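Once you scroll down, you'll see the structures, which are given as structure tokens.
First chain A sits with chain B, and in the next complex the same chain sits with chain C.
Up next is the complex of A and B:
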């Protein structure tokens, strides 16, 4: 109960942000929301299900271009376009299911890298539709004739999406499905022996994760109003991976922290020209060495040490899956 | 036409192959996919350019220095950094290698070395004709170096104690340890060899693409693809994979209609996904790629 009140307060405070923040800060917050959504989606796949992906920018691209093209060629409004493009991206997630069923660890990572590179390379060369390297302008967001292409309106859209998608992720993780995800990550053979269908749950994980990335991409298209292929390259995929690894990928606060960290750190460092990438690189190394389970793992170690020790124990999730399954018939 | 496409494909492929060798040398013993390989190779190449241009060192000496810098960099990274990150999962170690890459980029930037400068060719002169096929002299150098590096590494792994210990470590770390192999030191050797090889690749790529920050990363992605084609754990596989990749790429852009031809990179990476799905151990790699949980 306490928690619900706390988080309601946080969201309410955030909702007041447009009153205090100037346009640029609001825009930055919107970009942070895009990253939060994509990072939470990636954490569901990589942190909870154990399937590495360093090609997620490909899904962001599908979401962003999907939204923009739907609006441009079919005049579909953003509140239909973003979910539709997200769904499209989710379906594209199934492409990676086939490699995911046969490969593990670094080999799957390379397959996803190949997917991301294939998408990033195809975008500029399909110039007649995507506008090539120059990119394309996204048609202005329009709500029943009212022009809502401004930072404040986009902020409320972003806030609503973040809240809904994080709540959905939280429910998913705590459900039978979430236990199946964790069981697959911890010990896939044992999970299978207990009746977790690898094909079904991996498919679900890829679908949900790509859906989140696609929705983030759609939001990005409208927040910025302009998209170009350069923004969906390998660097973006790696950034996403860094976010969840830094924040702590097997949790939900982790990716959120990581996304905020990666949005604001380069921003704060922009004053130190030249030093910027040294500090950035050094902080990556520092966190890997001193916080092997990410920022959130580090925080939990101090605030709730007993829970951390109990968390990643192989087979526990498998047992829970079976028990949960039995109790629900 | 066909012969020309194949030969220039082989030239590009040799570069991918050398770069892939560096990646695999490190991956085989340490299981770290070194994502900073591109930046690290670039850094060693920058040093060569600095020595050649600003300090008037003869080119061969400057290239030799790049090799030494690469190897030293490998030792420093392994001893100075990765040793401290023992508790971290292997997946986040690749982030640490990215961090190193960023720092090296910044250092190169500080030293005022980055403005897309041309890098000298080792051999520059009129192109060579073999029948109808035209070859740059640089291509001949690339072929020669690729062959030399492959033979040298083959000799190291076949005949030297360090090479045999590296093979043992990659096959079974614990058994190697029980046989008295200092696994930590073998890791350092792998990093030194891997980044030394990377420096060679850097010096060969730099004259072609100009020396700037993004070009090496692109070569590195191609090298990862080459490594996958070859099986990712096999050194000869890396070279064969690289050559094959270069040829496939060239044939695709040579024979496809103009509307599709620019999609060669997309085609290559779709092919990589298919290879991973149907033959994850590649052309020459060991089996048992999946199933580690």
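Up next is the complex of A and C:
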């Protein structure tokens, strides 16, 4: 009960943010929301289910371009276009199920890398529709004749999406679905012996994860108003992976903290001219060394020390992926 | 009147040139505790993995309650009524004991996935937790519920894994080396535990085990494998006095050469 009150207060305070924050700060928060949604989706797949993906920017691209193109060519409003493009991205997630049922660990990661690269390469080549390397302007968001393409309106859209999608992720994680995901990650043979269908639950993980990335992409398109293929390259996929690895990928607060941290760190550092990259890199290394359970694990160490001992270490998980090879299935 | 629960017919499994299981046939009747024993590499775990459908047999048939098990996928076996434990522990280390048991009754959940995402599974989850706690309490393990599985002592993990197998309401449990690595006291406790599972819950047990004291004490009947073949079958007393079994375990008797 206390928790419900706490989180309701947090959301209520956030809802008041446009009263005090300047437009640019709202814009930053909107970008953070995009990353939070995508990171939570990736954490469900990689952190919970153990399916390493470094091609998630491909799903962001499908969501962003899907939303933009649906508006541009069919006049579909953003509040239909974003969910529709998200669904399209979710369905595209099934493409990765094919390698996921045959490959494990690092080999699957390479297949996801190939997917992400293929999307990033296809977009500029389909120039007649997507505007090529130059990118395309996203038609202005319009709510029943009212122009809502501004940072305040987008802030409320972003806030609503973040709240709903995190709640849904939390519901899933606390149900038999979350246990099935973790079972597949930790012991796939025992998972099957408990009645978990690897095909069904891996498909679900890829679908939900790609759906979240697609929705994040759709939101991104309207927050920024202009999209180009370069924003959805390998670097973006790796950024997402770093977010969940730093935050603590086998939890939901982890990817949220990781996404916020990596959105704001570059801005905090913008004063240190020339030293930005060094401090940025050093702080990432520092987190890996001093927070082996991720940022969320570090927080938990003070609030619930008993639970931390049983937390999977995000980066150890990566090492196990690499070493696990065929045995993890 | 004894009723046939599991029937293994002419089961053969070849891995390349190696015949791990060679034309093995045996039956398990409802309510029995049957031991599957044999020296290392005799093919016992392979038989378990064939029944669990992790491999397809090269030849042979497996029937459970008259149904052809070979038509089922690995994740469907538990729904048909066969649960199992693993030689090297099949607990999910980062889940609590409670959540491990909930995972064990995965197939009993009914709520749709979309419904779960929308938060409609709470009632069912609560009922499931009650059931899990009742099961843990019945075996005096209620206090372990919130512990992460990996933090338990080895013997407790083995016991929890057996309780998890029971959560699926199976008619048959396959136990792969339930007392491996346990000391004499723990072994005895596990033996009593296995008996209780059969006596109180009516669950039939098929177990692979190297610890002869446990096998001889707990099992009603024993099937002996050697190099993938069945070499004997009978009551513990019959097996202990069977010359082929003694030979398989101790080696052939050789004429004593003059010193």
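The rule we apply is simple: the second predicted complex is superposed on the first by the 309 of 329 C-alpha atoms of A that agree within 3 Å, B and C clash if a C-alpha of one lies under 4 Å from a C-alpha of the other, contacts with A are read in each partner's own complex, and residues count from 1 in each chain.
The criterion applied here is as follows: a residue touches a chain if its C-beta (ideal position, glycine included) is under 8 Å from a C-beta of that chain, and two chains touch if they have at least 3 such contacts.
This is a predicted model, so every value here is computed, not measured.
Residue contacts after overlaying the shared chain place A:234 against chain B, while chain C stays out of touching range. Once the two complexes are laid over each other on the shared chain, residue contacts for A:143 go to neither chain B nor chain C. In the superposition on chain A, contact of A:160 is made with neither chain B nor chain C.
In the overlay built on the shared chain, the residue A:278 is in contact with chain B alone; chain C does not reach it.
Of the two partner chains placed around the shared chain by superposition, neither chain B nor chain C is touched by A:9.
Put chain B and chain C next to each other and count what each touches on chain A; the higher total goes to B.
After overlaying the two complexes on the shared chain, residue contacts for A:189 are found with chain B and with chain C alike. Overlap of the chain B and chain C interfaces on chain A comprises residues 187, 189.
The touching residues of chain B, when paired with chain A in their complex, are 27, 31, 33, 35, 81, 84-85, 87-89, 91-93, 95-96, 98-103, 105-107, 109-110, 217, 221, 224-225, 228, 232, 262-263, 265-266, 269-270, 272-273, 276-277, 280, 289-293. Those residues of chain C that touch chain A in the complex are listed here as 52, 54, 73-79, 83-84, 86, 90-96, 99, 102-104, 106-107, 109, 111, 113, 116-119, 121, 125, 148, 150-151, 164, 168.
Chain contact summary for the complex, chain A toward chain C: residues 167-168, 171-172, 174-177, 179-180, 182-183, 186-187, 189-198, 204, 250, 309-312. Chain A contributes residues 50, 52, 98-99, 102-107, 109-111, 113-115, 117-119, 121-122, 125, 187-189, 234, 238, 241-242, 245-246, 274-278, 280-285, 288-289, 292 to its touches with chain B in the complex.
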